[in-house]
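Dumping the structure here so I can ask a few things about it.
By letter and in written order, the chains are A, B, C and D; residue numbering begins at 1 in each of them.
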Amino acid sequence: MNFFLISLIKTGIVAGAFMTTLAYLQWIERKVLAHIQLRIGPYRVGPHGLLQPLADVIKLMTKEGFVPSHVNHFFYILAPFLAVFFALISICLIPFGPSVEIFGVRTDLGLADLNIGVLFVLAISSVGVYGVALGGWASNNKYSLLGGLRSSAQMISYELPMAIALAAPLLLLNDLSLRTIVNEQAGYYLGIIPRWTIFQMPFPQVFSFLIFLVSAFAETNRVPFDLPEAENELVGGFHTEYSSLNFAAFFMAEYANIVTVTCMATVLFLGGWHPLWPAEYGSDFVPVLLLLGGSAVLLYHGLVQPVKGRPWDRLTLPAAGMIFGALALTFLVPVLKPILIPVFWFVAKAGVLVFIFIWVRGTLPRFRYDQLMNFTWKFLFPVAIVNLLITAFAVALQGPKN
Amino acid sequence: MDLILFAFFATIAVACGISLVVQKHPIGSALSLIGVMGSLAVIYLLLGAEFIAAVQLIVYAGAIMVLFVFVIMLLNAGEETATGRSWPTRLLGIPLLAVFLGLLAYLLQRMSPSMGTVTFGAFNTGAREIGRSLFSKYLLPFEVTSVLVLIAILGAIVLARKEID
Amino acid sequence: MPQLNAVPLSWYLMLSAILFTLGVAGFLFRRNIITVFMSIELMLNAVNLSFVAFSHHLRQVDGQIFTFFVMVVAAAEAAVGLAIILTVFKNRRTLSIDEVSSLKN
Amino acid sequence: MPNQPDLQLWLILFFPLLGALINGTIGRRLSKGVIGTIAIGSVALSFLWVARALSELGQLDSPHIERYFNWITSGDLKIGFDLSIDRLSSIMLLVVTGVGTLIHVYAVGYMDHEEGFWRFFSYLNLFMFFMLILVLAQNFLLLFVGWEGVGLCSYLLIGFYFLEKFAGDAAKKAFIVNRIGDFGFSLAMLLIVVHFGSLDMTEVFEAARKMPIEASGGVLTTVALLLVVGACGKSAQVPLYVWLPDAMAGPTPVSALIHAATMVTAGVYVVARSSEVFLKAPIAMEVVAVIGLITAVVAALIGTAQNDIKKVFAYSTVSQLGYMFVALGVGAFSAGIFHVVTHAFFKALLFLGAGSVIHALHGEQDLSKMGGLKSKIPITYGTLMIGAVAIAGVWPFAGFHSKDAILLAAHAHAPWMYWVGVFTAGLTAFYVFRAIFLCFFGEYRGKAHPHESPAIMYMPLVILALLSVAGGYLPVMDWLAPLYPAHEEAHDLTLIMISVAFAFGGIFMAYFVYVLNPGSADGYAKSLGGIYRAIAGKFYVDEAYDVAIVHPIEHGSRSVLMNGVEEVVVEGGVNATVAVSRSVGGALRFLQAGNIRSYALYVLLGAVIFLGVMAAGGGIR
């Protein structure tokens, strides 16, 4: 029973955190984009628009869930559910940290651990097409259909380079369980260079990492591969006909996919929760210092030198500063430390990747469809294969792992 | 526990199978087939064939069925129209199928005592074992299959690029 | 609970038999080429199930290898078959099996 | 023969075959020089190999046999791929390869302007191959292979200008007429198998030697007669000689090689080869002799009235073959073979000369359009004259010796044969010189501008001329003597004188008619009246055959086969089949409606039955 209880608790925590992340991911995206475009972005709802996600959720929920008359009802309703389902399910395989001791209970940070974790994630992501495709088809609308077709074709096409790019590090780590994979990446070369897959001998997986990242963009229908929802050609693409929660579901799915993919990248290439440099060089204090610095800046701007014409700041910035400081202190609590440090590193890496996602969206234009296909079939795919071959060769030369 | 899981997913599989047959619309059949495949994947897990389960999802549900759905959408295939020529097959088919299933069941229950039971975890096969025998014992078939796939790719391209004339 | 943890092998086989029969039924009674094709896939799946079940029964991996091969072949078959269906549709403008019964249009 | 060296006789066959293959397959792309080199080279090589083999063998007292592999084994009948050389075949080998080489050389020059150069030489080499098989064969079946092969090649080469109808017809004629002979030959083989249980010549002849002489027919007689039928076909004897004159439709080198020097003597060779059989069958011998005589006379008579130079020589060939048969018939085998050799020389010479003339006149073959060429193409004239003298049998030329050997043997056998032979000799001299005079003397009656042939063409002529002069002194008969029972040859000078006198008489007659007062020939022809017409009409043999054989067959086949069998039986049967299958198909159509689902239903039905049987059988154990 113990097992079930713990699993339940963990699921609750993860689910809550995940959902919140998704909600706030959108806020973050809008903020980042805004600053890239020299705007302020959400600002009205709550301090610095921090409550914007909540507002959005309320808005979407209170809207009328309008179902057009000409659609295929069953699939029209089914599609967003499928999308969300497949998007959320794979988070339960991601290990956020090592197995730790909490209140005398030993458990892994992370919900589940399959022997074939990687394959499972792959499978889920490959099945994920149906949401979009069905949605597009069920809308019974040319634009939506085109969007659905595009996304299915695109996803099938980018599945291959992605899978092959995944295969290469698996050759190095020779296991399919995500947790084992992360553990394989523990340790440092020369005591300083982490043995992450992108640095790991005999053949650092930089290329496969890049390929994986690019295909990840396509798999999640993100710019520059967001053909399925190309506003200027297909109105809203596959979700043209959707409104209220269904619409929200699609977006949630998109963000969930982003998170999952970034987590996968982190686990497979960036060494999961392993810090960037060993603890004896003080990697444990990085979060503390960061947070403290943040709180210092906030306090400075809030109290010493307030910005003109923003009266709220006098209250909000110091408050935020306080919170940051408190967080920084939590990292020093010996009981929480073994849990929080790895989680921090994990989240940090994933966060950087997410930021890259947003950054790219802010900078790159959209591909043309034929360019998209040519890119994957004529460039990514061959490169991935070559990379895989080289890796296999290197591994074979290196001989069997101990 | 196993029994419950098995019963549950077996029911889903059979239900989806039936719906595949009775669904009027190809998309419906496709989705029900995906349902069958998904539940079969779980049943494979029960049988300790993890790799096969994953491959079942990746290849069947993730690639083949997507292809099907894609084609159905592309051709925008509507509900099928009943033609007069189907009654003889029905007339003969249904009883024949019944007999077929009955015979199978009879044979199975004849043989069942000699076959023992399946318990979860009694025999687990990860990707490792599969890979081992795939690249040692079944190397030649493996290579041949790869050639086959290549040919299939070429054939598909040649066929599909044909223009309407 | 011993018998709750032990499912007779014959049940798996029975399941596969039922699925197979359903596939045949689909093949017999459906008129849409694509659906018929899917019924074939269903039959393949049923057979795969028996393969895996037997491989568990015999404690040998070979059955799963066979399943693997079946899947690969099914993939190839799907690719070619769907391409053929596309061509047929382009030429005949129909997907009904009964319409394409003649060898030449 | 354990103590004998292994001579790789197969190489003799191999070279021409290789040449044929090369020229036949990639010859189209090769230059004429290369093709010619390959063709001549291959034949020359096999000639050299023959020479080497003979020098190795030395005194060939017992035949040298090389057995390569077991070709056919059915029951206790074993037929191997065996080659052998004995004194007889050694001579034939030398003649075939030697003369063949010369003619190949000549042909390279002659065919220079022709289309299908490579085709021609691949055929020619193929012919050499088969001819050598025929000569080297140790058993009848292998000999028959060569026999048919040369027939095929002669067909191909006669029909070489297949664009002209007459060539095709001539080829078909030759082929069909030969079939008759081949039929006889194969019957003979079957009989031999039945009677002797083997086809190996040594064994057969051993067996034959032990048998008594059949005064009044018997197995050996039948075999011999059947062989004679075959020989008549191949060697153009009465009544099967009609194909040879038409065979002149082929290129002249072909006429020289196949239809004068080598192939047509195959019949003689076979008879001589199976002398053991014939010696036991006097009746067959008589038949052979008589056939020979008739052929000689008839052909000679016809030859006197021909206006196509090649036809003249063709008929002379026929009559010379007749001579050889006479020799065989009277038991003078060695004389016959001797004549084969000499005849090969001077007849090849005559044909090649004729070819040279034709070449000089750009394809003109009609004697009436020639004349006065003596000064224009002197070398051809000289060599041709030598050939004529040789065939006429004037001392000391080659023809004299062999012919007189034959005549003496004939006289020893039966005097009347001698007289007929002598008369024929006169005729021969007459028509040959008629041709020569018409061609070279008088004034030129044609339009083309004659020119001497290139060296590659007249060199062979010269060599052959020399051979025709000296060939008579080759010790052929002595060489063959141990093979055949010597028969008393009364070296009766008077007889010789008579024959020579007849020859000169013929020559002078021709000179008188065609040179001293040209144009008088028609007068004489008129005075002869019907006889001349008969002769000019070749005794209407072809027409007779048409009426007697061809038309009945044609008409019969048209009425019986076409209207009867074809329409009633075949078409009726076909229609019946169609009707039946249509009705049955109509019945079965509902099973094969192209309705896939019904097919699936059948499959399911089968599966159900199968399962039912299994269940009845009590499941799987």
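As a working rule, a contact is a pair of C-beta atoms (placed from the backbone, for glycine too) under 8 Å apart; a residue touches a chain by one contact, two chains touch by 3 or more.
Bear in mind that the values here come from a model prediction, so they are computed numbers and not experimental data.
Student: Which chains contact both subunit A and subunit B?
Tutor: Joint contacts: the list comes back empty.
Student: Per the definition at the top, count C-beta pairs in contact and tell me whether B-C or C-D has more.
Tutor: Of the two interfaces, B-C and C-D, more C-beta pairs touch across B-C.
Student: With centres defined as the mean C-alpha position, give me the subunit B-subunit C separation in Å.
Tutor: Whole-Å distance between the two chain centres: 5.
Student: Could you please state the distance in Å, as a whole number, between where the Cα atoms of subunit A are centred and where those of subunit C are centred?
Tutor: 36
Student: Taking each chain's centre as the mean position of its Cα atoms, how many Å separate subunit C from subunit D?
Tutor: Chain centroid spacing, subunit C to subunit D, equals 73 Å.
Student: Just the number, please: Cα centre separation of subunit A and subunit D in whole Å.
Tutor: Whole-Å distance between the two chain centres: 96.
Student: Touching two or more other chains, which residues of subunit A qualify?
Tutor: If we look for residues of subunit A contacting two or more partner chains, we find none.
Student: Could you check subunit C for residues that touch two or more other chains and list them?
Tutor: Residues 24, 28-29, 98.
Student: When you check subunit B against every other chain, which residues touch at least two of them?
Tutor: Answer for subunit B, listing residues that touch two or more other chains: 51, 55, 63, 67, 74, 85-86, 89, 93, 97, 100, 104, 111.
Student: Which pairs of chains touch each other in this structure?
Tutor: According to the stated criterion, the contacting chain pairs are A-B, B-C, B-D, C-D.
Student: Enumerate the contact residues on subunit D facing subunit B in the complex.
Tutor: Within the complex, subunit D contacts subunit B at residues 593, 595, 597-598, 601, 604-605, 607-608, 611-612, 614-615, 618-620.
Student: Okay, in this complex, where on subunit B does subunit D touch?
Tutor: These residues of subunit B touch subunit D: 85-86, 88-89, 92-93, 96-97, 99-100, 103-104, 106-107, 110-111.
Student: Applying the document's contact rule, which stretches of subunit B touch subunit A when the two form their complex?
Tutor: 27, 31, 34, 50-51, 53-55, 57-58, 61-63, 66-67, 69-70, 73-74, 76, 124, 126-127
Student: If we count contacts the way the header does, which residues on subunit C are in touch with subunit D in the complex?
Tutor: It is residues 24, 27-29, 36, 97-98, 101-103 of subunit C that touch subunit D.
Student: Can you list the residues on subunit B that touch subunit C in the complex?
Tutor: Per the stated touch rule, the residues are 1-4, 6, 10, 13-14, 17-18, 20-21, 26, 29-30, 33, 36-37, 40, 43-44, 46-49, 51-52, 55-56, 59-60, 63-64, 67-68, 71-72, 74-75, 77, 80-83, 85-86, 89-90, 93, 97, 100-101, 104-105, 108-109, 111-112, 115-120, 122-123, 125, 129-130, 133-134, 137-138, 141, 145, 148-149, 151-153, 155-157, 159-160, 162-165.
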